[in-house]
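Two complexes, one shared chain (chain A), two partners (chain B, chain C).
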Partner chain A sequence: MTGALLRVTRAASPALLLRGGGGGALLIWALLTPGFLSRLSLLSMLSAISFVGCVTVGMGFITISGNIMSLALGATVSAASVVFMASLGAGLVPAVLIALLFGAAITAAQGVVVGYFRANAILVSIAALTLILGIAAHLTGGERIYPGGDGFAFFKGRIWMLPFETWLFAGCALAGQAILSFTRIGRDIIMTGSNREAARTVGVDVPIAVIAAYAIAGATSALAGILLAARYGSGDMDIGGGYEYRAIAAVLVGGIAIRGGAGSVLRGCAGVVVITVIEMVLRLRGYGEEWQYLITGLVLLGVVMAQSEGTRR
Partner chain B sequence: MLLSARGIGKHYGPVEVLRDVSLSVRAGEIRALCGENGAGKSTLVKIITGNQPADSGEITIDGVVATIRSPADAQKLGIALVSQELSLAPNLSVLDNIWLGNETVPLWHRRRALAERARAALDEVGLEGLRLDRQVGTLGIGRQQLVEVARMLTRDARILILDEPTATLSDVEIAHVFEALRRLRARGHAIIYITHRLGEVFEVCDSVSVLRNGALVGDAATGAIDRAGLISAMLGRELGELYPPPRAAPADGRPALSVRALAVPDMVHGIDFSARAGSLTCLAGQIGSGVTEALRALCGLNEAATGEFTIGGRRVPLRSVGRARAAGVRFISENRAGEGIFLRLTIAENLLCGQLRRFSRGGLLRRRAMRTIAGELAAAVAVRPARLDVVAADLSGGNQQKLAFGRIIDGAMPGVLLMNEPTRGVDVGARAEIYRLVRRFCDEGWCVVMASSDLEEVMGLADEVITLYRGRVVRQVGRAAVTMHGLLADITQQQAA
Partner chain C sequence: MMALCRNAFARDLRPYTLLGIVIVIVGVIDHGTGFFFRGATLFSIMQIFATYGLVSLAVGLSLLVREFDISVAGMVSLAGAVAVLAGARDPWLGVGLALLVGLVGGAAQGLIITRLGLGSVGVTLGGLLSFQGLTYVLTGNQSISFDHVELALALNAPIGVVLSVRSMIVIAAFVLAAVVMQFSRVGRDILATGGDRRASTMAGVNTGGIVFGVFAASGLLCALSGVVLSYGLAAASPAALSDVLAPAAAGAIIGGVSVVGGRGRPAGIAAGVLVLCVLRSGLNAAGASADMLDIATGLVLLLIAVLDAPELARRLTEWRLHRRGA
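So, the complex of A and B:
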């Protein structure tokens, strides 16, 4: 009897149990919260999920490529919002493309340093973060940037009940997952994250795979920046503050392996949903921001510890 | 009997890993412990050294029942393990390493006395000339291993367990280890010696215990058993010939590969050789002779390599894995976990990892075709296709190495297969399978070049042998002219006794 029980618990990894149990508990807790199913809170959650979700898709690529995370993605979101607003004078489509390219380029540059020079990814991202903030402060003078043109009003609308940004986020997540599962560069990224040396010996161009992962992360972060700027009608360097932490939290909660080489973009998106629901429930129940930080931190700590247990041999 | 384990049984969950196993060793005896991977050797060692509790059975030391609940208990009883992964701190001195973690050293101690005892222990293992202030990381692996043994001696270990100490050593270093073992035996230590190299069992051990599937299937004096008997005890069947016969017809003589003035700074000083299609050429040399570095350079894995490398008359650029692969070069590493296999990816992913280009149309992958081919590749290298979704980490070393062979079959013309110690850490049954695979690649027209420091393997397998010493070629000889004596003399540059 106890033997059978032991076998069942052993078969399911602790991380899986934690996830299943935690997810169920969270769902019940959310449904018991008055106002959770109201139109207003659902819409506001969808928007929040979409903004953080875009960054999470990108962060997932960096994690899966074996480089843990980039601390510069939040600043990239902000900088892209500024670039988007400033270049709106050239028209909406060019402005979107410019902002996406801008995000991809500055993040790919981190990928070059990490991929070719094998520099420590976290330290490189700290340097990049500082550079982005410094240069942006110089160029914007710390000012908010208002649109140099219009035509993005429909960004604030809804299509089939759902906010515009939710559709774009869904597209972004599906595209990211498709790249990972169905393309060669996607498999190269997974192999590189799984075992960099083995990838090299079977002929994967490891630096290119790393750079591709970073470029994708930059582009999805820039997308978040564009959507945020459109929603708020202006761009500034604080707009994406903290997004990198929420994205890495989502990556971890969703169960993308922090050591790289395993996991999927969609799992990261599930992580975003969990984190956003926790925040919303706490807010609806009247807990202050300090409680939101505390609870999110505890959840994260639990997930990290469960992951460590699961990989110990 | 110094150490005697009787009726040891052990389960991991529902799996019985040891069943009524008995093992004893006298003072002044070296006992080999043999068995395939998974036979239960390491579990038995873990029980004796207090890293795992036994479910049943008892261990006596000097006839007294001993309770070993932790590694500390084992240490107090004089049991010490030298494992493959050395536990030395490379940046500390020999002296510091010997006393590191020794709980009998008081906080306030006389360094002089410690130095004297360390000296005595080093002398005992044959390291008379070694200075105590030498940094351990600057020693060769063989001498590091002996330092580790000396460390055990300062802890008054009377029962030494050595787990594959020679797996990564060159022949000269192995000779040193053997000399030290014989000396320890003469002083009345009891030694349990785990090895995959069967030659060593007969060379240095007095007796041998064989485990198979968790049960003791053989216990004999080494004089009373022969090599074939030992192998069939380990496998539970006749192995047949370990080495497949060479091809009856000689290779067509067409030089497939030619290397001129290949150099790697400090390691390889301009070597020339050629190898034929359809034949197996061995680069034989000790660690430090440059065989490994030369091979890696040809794969494009060394960024500082220079020289001229041609395949079928066409020049292959060095220093680029991608371009070497495009020219038909494939590589199999000895370091499976480090660079050979994606341990956390599945068998199917491992088999296809080098050939995604075949399935890619405009960057998109054709998943169904990939699945089919992965099944075929698994079958081709005798891995059960039903297990395609099993993670590679769950496979034995031999099966992991078979994946490395499987991924080479990519529909391209037979090219050049470069292998570095492909059977390191692989047990004898899987080893025979790998040798047959290698021979099959030769028969299909591949030009196979293998670096090996295992002379027995070189003798048994090679069509042609190139010996290296300190980064230079000594000789290139055909199979018929190869002798163990000649090889040993070549790679050590000493007259073999």
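So, the complex of A and C:
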């Protein structure tokens, strides 16, 4: 009994208190906002959570693998939306598969360089971002891409009250959590992020683990691209702009450690909910889009600072 | 001959070698039209240099101490907006306030990083979004024009065919940085901190102070860059984040700054930025679109990220042995 109590008190670290207190305050603030519980705002939040959430699941894998983030995931979302729309002529299922494979491949390529050669992950992702934007602009000429076929209409529908994308996001999050918790590659990714040298010593194939984390990130980002393209009926290179920042913010707000090796996909999802609720409350209270960056940045800064205990060497 | 080649591609000389190669390639492609070797082209190269140089220097400084300041893009936008808004009546007030914002913003990040023992990427990511958000809030998310058009003209007016006040300010900052790095104790301490922080601390270097100072300097350099840019354009507009970070990092890395810290020089960074400027000007002359420059920048960044990767040599040896064994 006392032992359990002690554990609880010990678990209530400043970071946890901050998180609990912050979450509670946010909830009260949200509920006091007129229109927050309206059907329209709830549905629009569900959609936003689903789009950002898919990217967050992937970003979480990169963070947990010890490589902080890829700045290229937003561009990957956009590029996948274009690829999906352009290949719809081949049918819906092939188009989805092509887009997912495309996202996984271009992101796994970053993982190859980071995993095998231990290249600087941030630098590699900046290079990938520049390459994706440059090549896409060259190929599309900056044009919006309209569907080469139909069959994605049901993407816009609802199943049991919830938007279609929410179901896919839920599936994506559960699958991600299952991979992380119950598969060997998931364990390898966590061990690699926790201590690369130790992981190598106990026989983890570190490069493969890093590549897997990046490939998963690319696939989930592509899923977000597909969902966004289906929602807007076209694909373009601006569709995923800023998603990389919202996703990393969600990852850190949810409590995934920025140094890697700890955290879960579901924590990232909790972070997405928090970020999206903040955005929605700001919008309902009449603050324009320009405030969202600032608030997201300050929240991110605060959360990173709150992680300092665990990061101090 | 081999030795000469190897020396030319050694890190310290690499930026100058690359610059020479790029100039020769652009000159050959351009040969006959005489476009490239005209004064106007050199002038435009230096104007591009003035746009990216200081941000590259800022990123390079942070890489020298084995950190990564990714907030630079946000600070350039923020300082530009502050300068234009506060300088409406008195441009010097705008300059002073913008530089103060840069110094304080950079110092705050440096303080958080050194005091809390945090990784610089996370902290400066928060800084990047906060600075960018503050810019959006200040400008109401739109481009703000600056009434002192005469100032913009004066900043950009050619001086001695190739230079302008704008590029001379940037060159002066580079010279100052080079002198500090080369001849002062701070310069040596910066390199030592980046090379091996623990050993430097043991040897009596105030590594915390050095890292703090580097981030403050980075903020100041970005602010100066933002002021010069927005006054030169007679406008401040929130730039897309990726438009600044990629060329800035590329310039520093091409300039011989090692991502594992402790190596690099301001003169090398200047040469690295010039490589990109010549490339852009050459591609323009060849009629290629801006996309090609993005692709070239991305490829070069990727290539150097691989070449500088700590485990590249080991992997290559492994694969060679493996093939021999098979």
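In this text, the second predicted complex is superposed on the first by the 297 of 313 C-alpha atoms of A that agree within 3 Å, B and C clash if a C-alpha of one lies under 4 Å from a C-alpha of the other, contacts with A are read in each partner's own complex, and residues count from 1 in each chain.
Everything that follows uses one rule, which is that a contact is a pair of C-beta atoms (placed from the backbone, for glycine too) under 8 Å apart; a residue touches a chain by one contact, two chains touch by 3 or more.
What you see is a predicted model, and the numbers here were worked out from it, not measured in a lab.
Using the contact criterion defined above for the overlaid structures, shared-chain residue A:Y232 touches neither chain B nor chain C, since it reaches no partner. Ranked by how many residues of chain A each touches, chain B and chain C are led by C. Applying the stated contact rule after C-alpha superposition, one finds that A:W29 touches neither chain B nor chain C.
Touch criterion met: A:E197 reaches chain B, while chain C stays clear of it.
Of the two partner chains, neither chain B nor chain C is touched by A:W167. In the superposition on chain A, contact of A:I295 is made with chain C only, not with chain B.
With both structures placed on the common chain, the touch criterion links A:F182 to chain B but leaves chain C unconnected. When the two complexes are overlaid on their common chain A, residue A:F155 makes contact with neither chain B nor chain C. When the two complexes are laid over each other on chain A, chain A has no residue in contact with both chain B and chain C. For chain C in complex with chain A, the touching residues are 68, 70, 112, 116-119, 121-123, 125-134, 136-137, 139-141, 242, 245-246, 249-250, 253, 259, 289-295, 297-299, 301-302, 305-306, 308-312, 315.
Remark: chain B residues 13-14, 299, 301, 321-322, 325, 331, 333, 338-345, 349, 353-354, 356-357, 360, 363-365, 367, 407 touch chain A in the complex. Only residues 6-7, 10, 182-185, 187-188, 190-191, 194-195, 197-205, 257, 261-262 of chain A touch chain B when the two sit together in their complex. Chain contact summary for the complex, chain A toward chain C: residues 68-69, 71, 75, 113, 116-120, 122-124, 126-131, 133-135, 137-138, 245, 248-249, 252, 258-259, 288-298, 300-302, 304-305, 307-308, 311-313.
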